[in-house]
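To start, the structure itself, in structure tokens.
The first chain written gets the first letter, and so on, giving A, B, C and D; residue counts start at 1 in each chain.
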Amino acid sequence: MTASGVDTTMDLAGIRLGNPVLTASGTFGYGLELAPFLDLRRLGGIVTKSVSLEPRSGNLPQRIAETPAGMLNAIGLENVGVEAFLKEKLPALPEGVPVVASVFETEIERYARVCERLAADGRVAGVEINASCPHVKAGGIEFGQRPESLAELVRATRRASRLPLLLKLSPNVTSIAEMARVCEGEGADGISLINTLQALDVDVETRRPRLRNVLGGLSGPAIRPVALRCVFQAARAVAIPICGIGGIGSAEDAIKFLLCGASAVQVGTASYLNPMAAGEVADGIAAYAVRHGFARVRDLVGALELPG
Amino acid sequence: MTASGVDTTMDLAGIRLGNPVLTASGTFGYGLELAPFLDLRRLGGIVTKSVSLEPRSGNLPQRIAETPAGMLNAIGLENVGVEAFLKEKLPALPEGVPVVASVFETEIERYARVCERLAADGRVAGVEINASCPHVKAGGIEFGQRPESLAELVRATRRASRLPLLLKLSPNVTSIAEMARVCEGEGADGISLINTLQALDVDVETRRPRLRNVLGGLSGPAIRPVALRCVFQAARAVAIPICGIGGIGSAEDAIKFLLCGASAVQVGTASYLNPMAAGEVADGIAAYAVRHGFARVRDLVGALELPG
Amino acid sequence: MSDPRLPIRCDAEVVENRAESGPNRRLRLRVPGWPGSEPGQFVMLSPGARAAVERQDPLLPRPMAVYRSAPRDGGGEIEILFKTSGRGTALLAAARPGERVGVVGPLGRGFPEPPAGRPALLVGGGTGIASLHDLAARAAKRGPTRVLLGARTASDLMGEADFEALGVELRVATEDGSRGTRGRVTELLEEALAGAPRASVFACGPTPMMRRAAELAAARGSACFVSLENPMACGFGVCLGCAAPRAVGGFVLVCRDGPVFEAGEIDWERLA
Amino acid sequence: MSDPRLPIRCDAEVVENRAESGPNRRLRLRVPGWPGSEPGQFVMLSPGARAAVERQDPLLPRPMAVYRSAPRDGGGEIEILFKTSGRGTALLAAARPGERVGVVGPLGRGFPEPPAGRPALLVGGGTGIASLHDLAARAAKRGPTRVLLGARTASDLMGEADFEALGVELRVATEDGSRGTRGRVTELLEEALAGAPRASVFACGPTPMMRRAAELAAARGSACFVSLENPMACGFGVCLGCAAPRAVGGFVLVCRDGPVFEAGEIDWERLA
């Protein structure tokens, strides 16, 4: 409920959210970094930076580059590791905001073990499996790019914990609908999409790639239309809830995703420009619902009218 | 050769170009529309709007929508048909500028028949097969999205004519390298990429898709980093020449594609903003070559320096 | 149809950019090599990115009618009346004198010559008013001319004083009655048609308004020409983005075959 | 290390924006709620899109040192000296008084207190000069302070007069000799170090310059602090985009752990 009297609550794959706006993994740190700017309890939830079994170091500079209406990154999945996450990061987050822990690994067994560790901590509301990382050399082709390996990954992480299980998919596939069906078939509770588009940029003066890693992930407003298409197609392919991600910086942007069938959204790159973005998006959605006569934000989900 | 004394000539899959800058199919009409703005002979070549066996009508409005640093389009297959193209459009183009005829159809046999018709006209310097079209028999999935149907398409069009054969690939695939290898394996002379990214946008006031066709193709600066990545990956996968396309509006943009391994480039959406864009890009490339001490623009192809 | 002149592409200099009324602004541009334009033709404007930054967003140029144009040393000066609504026009609204704006034009086919000696009824709604000024000037020389302007409210009206200055008969309607008669401009048209047999109607404005004007004219056996406003990417016939369905099937390109059409050519049902 | 104050995010108002020298400009911003900053801290600036248009391109905010800041009714006024080089700073250069610029800051950890009574040598190259003003002001109060400024050519220099006004000892070097001594500012540093045992060095500028300064200081056993300039997306430690390799392995975040570091912490080889 908000001051406006609109019901903003949402159920995402069994996770109860006060509003449908979460923060995207890797763009909000472990949550605390943005506390000076934003009352974290205004958020529907926080998806933390992907953690692996052991701490990992990242790529050498340059790790980021600006592109038209977007940015490239190749961080290299630098993270503190699941143990430090549970001991140091998680306890510091305020009660009352659901924390979804994002998980990344290079082998399926290790994915499962991270999930088991997370399941032991009551503060974790759900896990999001990062099945894609276009910019990590290790591994080569992504888990999320082959139906077989994706199925294996979902099965293993499903077995590893009873926590609500979100699968975060790569947009760098021929059929996002097929991948979504694989997740549903193997028992995932929901799907998050999209991760970054695999991309590259060049410095014509030095004639070198802008990123040390050569390839990177494209994010920001530039990819929003692709993300909306992926959500639209996935929502028609499966019955499990979808969390929309990609270039969301305003309430308008978020509402587009809800209309296309997303039950919730994540704000990513926009938090860099404005650390209060996620909170403003949440407020703006409620305002839109009032203006357009929706008593529950929930009713916006999938409300897109298709031409006859 | 240019005033600057730089050798700007390029060989693209057997097509001799005065400079490496062509116009992208569907963004330059049949060439004549831009004659008031630009001496067409300044162009390396013209790729004409895709034609089919019969004339075709297109989609109802809205057909286009603006997105962050890009645009969406769903024109439909609207074109005058190959006969009218050969009779009315082609003869009106000035001698001395290579014309690459773009072809699309919904069945492989029809693709082949269009190629046969084009081969009969000496004015056609080459064909570009637009593989981003729904394969009717394969239930609407694009020819360029499945290796098997792509292979069939290349084989049939290869047999249909001796003209230099360019395959224009869809970026909406899991592995662009795999698709490139299929084209090379079946005897294509070159590859053009990328076509538009499948995307969607929504009007939150009407709660309708912005395009009547719901889904559309994303083009413009927003997709340039994705296009560069595709060219980079394809260039490493095959030996046949590559024509780079995607968000090119300046000489700098074009040079990025050359450095990533493209032998030529196509200017698309940028021609809408500035009908003289392709000519300015061509001039700018020569100027860059002078400034950086390259005697031949050709020497820029694949000259990207990768970090050790 | 008037023959379109060969269009040019250039960087025009902002001479003046001032508030007109409500959200509307008046922009004067010095256009080197401007060949002149016919009533109803338009230009594609690229609001220069602030400073010398190449603009990538908003990406597309904005179609705008040539409100008025006059020859100036080796070129011309054109006037645009525009409504600040979205991102592109917001940039345009912020263009300062001396700054550059990309111009492509003149584009499209304008209005036909109003038949000599016969009454001409010009109907403009909202920003559509901007397409009618030069036509009114021409019509006034050829026969009895009445200009009917409509808007939601008084502050949305543009160019009213200029039309008065042309010495045409002017009527105004606003939906809230804040100026002229309360109601829709098409109601003024209905009256006017009743009193003017053999009149020709020239309309530009929101699609429903033009459609209604077409119906009224048809009922009276009057010719009716409309100027359509479809979204455009190029403005010169290459993107096929501006297609409008024809009554006989198929499509016309608003930027190339229009923006002015004989009302009967258009399939109004499928246009909206 | 000085403790960073809690940063804020707000729309600041442009008070003044004028040419400083060559490509450099001086921007004064009124920042509501500004908590003040330590020498060496920075802000992330989002050049407001012209008019009220939400800016999507160029997308990222630009990191800029707080050149000077002073309290103002309920907030503060901060001064930025910046070089117009690319698309973002071009937008910043065009921001008019009264317009808004997004500010996030103060960010990062600034320079340590110069040790009392001991000589302080401040070395600034190019835009790096802008990070040193408040440090120079503080150092001047604590001991003999010499400021060495370097640039390619005279017109690239910023803030020279302000440093003079601080009553510090000022030396200038330009590569073309158009101002001060001809050569690199690190040559001035070499001399200065020779004459000032137990001096501390504070450097900001191009990486090669800072690296050289670090070597020279190390050779003399002097402490050396550098302020790094890595590309940044967020500025407050969440994107991990600004990482710099540490001498002992792993990475530091320039925005959060720096931008100021003890020169020995950095793996200069792998940084460039």
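What to note about this one:
One rule holds in what follows: a contact is a pair of C-beta atoms (placed from the backbone, for glycine too) under 8 Å apart; a residue touches a chain by one contact, two chains touch by 3 or more.
All values derive from a computational prediction rather than experimental measurement.
In terms of the stated touch criterion, the partners common to chain B and chain D are A, C, listed by label.
Across the assembly, the mean Cα position most removed from that of chain B is the one of D. Centre-to-centre spacing of chain B and chain C amounts to 35 Å, using the average Cα coordinate of each chain. Per-chain Cα centroids separate chain A from chain C by 46 Å.
Rounded to whole angstrom, the centroid-to-centroid distance between chain C and chain D, based on C-alpha atoms, equals 53 Å. Residues of chain D found to touch two or more other chains are 54, 56-58. Within chain A, the positions touching two or more other chains are listed as 67-70, 220-222. Contact topology of the protein chains: fully connected, every pair of chains touching. Remark: chain B residues 68-69, 221 touch chain D in the complex.
Residue ranges on chain C touching chain D, taken from their complex, read 50-54, 56-58, 87, 90-91, 93-94. Of all the residues in chain B, the ones that touch chain C in their complex are 26-29, 33-34, 36-37, 49, 57-58, 60-71, 73, 75, 78, 220-222, 249-250, 269, 271-276. Note for the complex: chain B touches chain A at residues 67-70, 72, 145-146, 172-175, 197-202, 204, 206-209, 212, 214-215, 218, 220-226, 228-229, 232, 247, 252, 255-256, 259-260, 288, 303-307. Residues 6-9, 46, 54, 56-61, 102, 104, 230-245, 249-251, 256, 270-271 of chain C are the ones touching chain B in the complex.
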